Each structure stands twice: as structure tokens, then as C-alpha cells.
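In what comes next, chain A is part of two complexes: it sits with chain B in the first one and with chain C in the second one.
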Partner chain A sequence: MNGGHDLGGMHGLGPINPEPNEPVFHEEWERRCFALTLACGFLGEWNLDMSRRARERMHPARYLETSYYEHWLIGLQTLLVETGLITEEEIARRMGEIGAEETD
Partner chain B sequence: MSDHHEHAHLPDTVLRVKALESLLVEKGLVDPAALDELIDTYEHKVGPRNGARVVARAWSNADYKTRLLQNPSAALAELGFTGRQGEDMVVLENTEKVHHMVVCTLCSCYPWPVLGLPPVWYKSAPYRARAVMDPRGVLKEFGVSLSDEIEIRIWDSTAEVRYLVLPMRPEGTEGMDEESLANLVTRNSMIGTGLPLSPHQIAHQK
Partner chain C sequence: MRALKAENVKKILQQSKGARVDVDVPLKFKSGDRVLTRNINPLGHTRLPRYARGRQGVIDQHHGVFIFPDTHAANGDKNPQNLYSVRFTARELWGDSASETDKIYMDLWDDYLEPAN
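Here is the complex of A and B:
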């Protein structure tokens, strides 16, 4: 598949800028997203290729402007919704509830 | 800025992760304790020190090195390094003539059992784009300059096959034991974007 993820040989992406003494995770949400993705993989509703495909289907512009664990998050949500384990409405409602609680 | 204000602006990404976790736990699909365990494993237990032990063993023991190159997965299992994202391994030996460097142009495939989770730069668009096009330029960004006589081979990982570079044993390490040798082996030297430290460099770090 040739898409936004197929980056070999692409020009103009700038320097690599490796971070010295980089931590394994940079933000708490990255830890949770990583673990949720692995744990949901164990449910057996999809395989590794389907997980990759869910990330690779992102719009190329959005793919390039989001971070690695955001790709995981978008892929996970896509698979959860497509397999019917969670609906878009449930996610939107829960995000609203958590956002409101955090504001209290 | 008050706490109220900051919380009112929790980024969408953070909220979304919290919402998914909350829903998945509520539905009994994931166990929060299992999530903590997975995080602990990959943050604290699995990492490049595993790969360094493998390299040090190969440097010290010719029979182990032969097994590692011929049947990598079994040789890694001898040291207990098996599991997810490392099922089918290939070990690439650097020599005076050939330097190997590993990338995953499509995503982030990486040998988790021996190196842990990949660093951000390995997953970044610039590395994935340029490793296959301008390896010497990439190496320069990592502070590595190789003679033009040395051939550079780039290996593009896939979901099925993961690579570990076996760097050359540095000079001046005769008589060092495995543990001391392992301290010379950097993560990047096992990806091919770096070289092992010399005993001299280690002495300077201390």
C-alpha cells in the first residue's frame, strides 16, 4: 500500500534530531495508549496487520502532523468502533463527562 | 493560571485515551492492573541492556556467535529473550567491509525483546524517509562517519522480520569480561546508527 505512511525516500522532512537520554514514554497518555493497544490486541478481534492497516488508512496530511502514539490511538479507536466493541457516541459522551469532571 | 482553567483545556488526545480506558474497563474488556503490568514491563524490564548482553556474549564466545548468526531466535532464547515483536529475528554482523543499518520505512517494526520499544527518532518521518536514501548523511547526524570504503547496507524491517545489528568488538577490549563488554554496547550500535563505545570513552564517562 502506498500512502502517507510509506515514507522511504521522501524529501523535505528535515533533520532527525535524536533526543539524548530519551525516556521510554514522554507523557502519561502515551503509557496508557500503548498498554490499551496491546491489551485490546489480546481480545483477538483483530490481528497485527489489521492494526497497522487501521493506522495506515489515516489521511496522509493528518498522519504526518500527528505523533506516533496518536497514530496508535486513532488506529485503536478505528478498530474498536469497526468491531462494534465501542461506538463513536459512547466515546464522545464519555469524553464530555470526563472533561466536565476535570473542570469541577 | 488556575487549575480549573488548565483542566478545562485538557487536550483532545488525553481526554480520548481516558475515555477509551474508562469504557473498556467498564465493559470488562481490559483489566487496569494488566495495563499497569504492561507499562512496567516495557518501561522498566525490557530494553537495550538485553541486546547488549547478547552482543557481549557473541563477542566473548565464538560458538554462541555462530549460533546467533545461524539461528538467531533460538540463540536469543538461550538468554531468555523471546516474545512479542521478536518472533522472527535476523542478526546482521558488521565487519571491516560492511556496516548494517536498520529502519522501518512503513512504521516502527523493531526487535522489542532485545531492544525494548523504539526511540522517537526511529519512528520519525525524517529517519524513515532518509535512511534508505542518504544513509551516510543520516549517520553523520548521529555523529558517525564511516570510510567510503565501507559498504552500508540498509535493512527495512517488516512486521514479520526484525533485525539486530551485531557491531564490531572495539579495539583494546581483550581480556574484558562479558559484563564490562556489555557496557560498551549502545542501543544505537545495535540499530546501526552508532558504534560501540571504546573502553577509553567509558573511562571518561565515569
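Here is the complex of A and C:
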């Protein structure tokens, strides 16, 4: 797919500055996102290449504006919804609950 | 539906075989063969990037037989194929303003490649 992920040769993205001793995860939510993706993969409803394809199907503008683990999270949501394991409404409801807890 | 229990995570991750497939598939190319990448623009998943389509390269080495990601992503068909490291000159991919000496190595499957004359 000629999506936003296939950016070899694209100009204007700025320099590549590798961090010395880069940690595997920069934020706790990234660790949880990675674990959740692996755990859901073992449900057997899709394979690794299908999960890559789910990330690549993001709108190119959104893909370029989001971080690596945001791609993982959005791809996982796509697969969970498409296989009927959860619904968009359930995701929205839970995000609302968490948002309410955090503002309490 | 199967589920991964926390106590099994380490064992199962260590057992993972990755994408290598233990079957023999007749070799289409050997090291040193000149190849031409296909110009494909599939709506599905592919590991052949846009900048390397319709370009000439040379087979550097054979990695073995691996799951073909394009069909595996589309419908779960493993479609095992030979995977090669293919060497391209920077100028073949990026034109005359690229380095004269740089090379780019790309891992490419049988179905991405045709013999070059």
C-alpha cells in the first residue's frame, strides 16, 4: 500500500538524531500498548503482517503526526473492531470513564 | 478463542520461530544475478517500498525461505518464498546526485523480482 508509512525519500522531516542509550519505552503507556498488542495477537484472530497492514491503513496525514506506539495502538483498535472483539462505542465509553476518573 | 496466560509469556516468546519456513522452494536466482524489481502498487501490504520499484539490482545473498508478507497480510496464506538480500547502487535508486559509491541492501522475496537483461 502506498501509505504514509512508505516515506523513504521524503524530504522535510528533519534530522535523524538517535538518542544515546535509548530506552525501549519512553512512557509507561507505550509499555502497556506493546504488551496489549502481543497479548491480543495470541488470540489468533490475525497475524503479524495483518497487524502491520492495519497500521499502514491509517490516513497518511494522521500517520505522520503520530508516534510509533500511537501507530501500534490505532492499528490494534482497528483489528479489535474489525474482528468484532470490541466496538468503537466500547472504546469511546471506556475513554470517557478514564477521562472522568482523571479529572476527579 | 485461545488466550495467553501471564505465566506462559516468556516461554512462548522464546519458542517463536519468526517468519522462517522450513521447506525447500526452488531458487529463482543465485548470488550475482542481475534482477529487476517489479513495478507493483498493491492496495494491501507489501515490503517492496515505492523507491525500489522498477529498479535494477544484484542478488547479494540468499537468506532462506520465509513467509511472503503480501499474501499473509491479505488472507493468512503463508505462500513461502525465497528471500534474498538485493544490492542496489544509490544512483540507481536516487539518481545522479546520489553518492557514486553507496549501496543499499534490501531483503526482497521471489515475487518482487524478475531477471534483468
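As a working rule, the second predicted complex is superposed on the first by the 104 of 104 C-alpha atoms of A that agree within 3 Å, B and C clash if a C-alpha of one lies under 4 Å from a C-alpha of the other, contacts with A are read in each partner's own complex, and residues count from 1 in each chain.
By our rule, a contact is a pair of C-beta atoms (placed from the backbone, for glycine too) under 8 Å apart; a residue touches a chain by one contact, two chains touch by 3 or more.
What you see is a predicted model, and the numbers here were worked out from it, not measured in a lab.
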item	value
Chain B versus chain C as contact partner of A:Met50, first or second or both or neither	second
Partner chain in contact with A:Gly99 - chain B first, chain C second, else both or neither	first
First (chain B), second (chain C), both or neither touched by A:Ala61	neither
Winner by number of chain A residues touched, once chain B and chain C are compared	B
Touching partner for A:Asp6 - first (chain B), second (chain C), both, neither	both
Partner chain in contact with A:Ala39 - chain B first, chain C second, else both or neither	both
Contact residues common to both interfaces of chain A (with chain B and with chain C)	6, 8-9, 38-39, 43, 48-49, 52, 56
Touching residues on chain B, where the partner in the complex is chain A	4, 7-8, 10, 12-24, 27, 29-31, 34-36, 38-39, 42-43, 47, 84, 103, 105-108, 116-117, 119-121, 123-133, 138, 141-142, 156, 159, 193
Contact footprint of chain B on chain A as seen in their complex	5-11, 13-19, 22, 24-27, 29, 31-36, 38-40, 43, 48-49, 52, 55-56, 64, 68, 70, 73, 76-77, 80, 85-86, 90-91, 94-95, 98-99, 102-103
Residue ranges of chain A touching chain C (in the complex, touch as defined)	1-2, 6, 8-9, 38-39, 42-45, 47-50, 52-53, 56
Parts of chain C lying in touch with chain A, wherever the complex brings them together	1-4, 9, 12-13, 19, 41-46, 49-52, 67, 69-70, 72-73, 76, 94
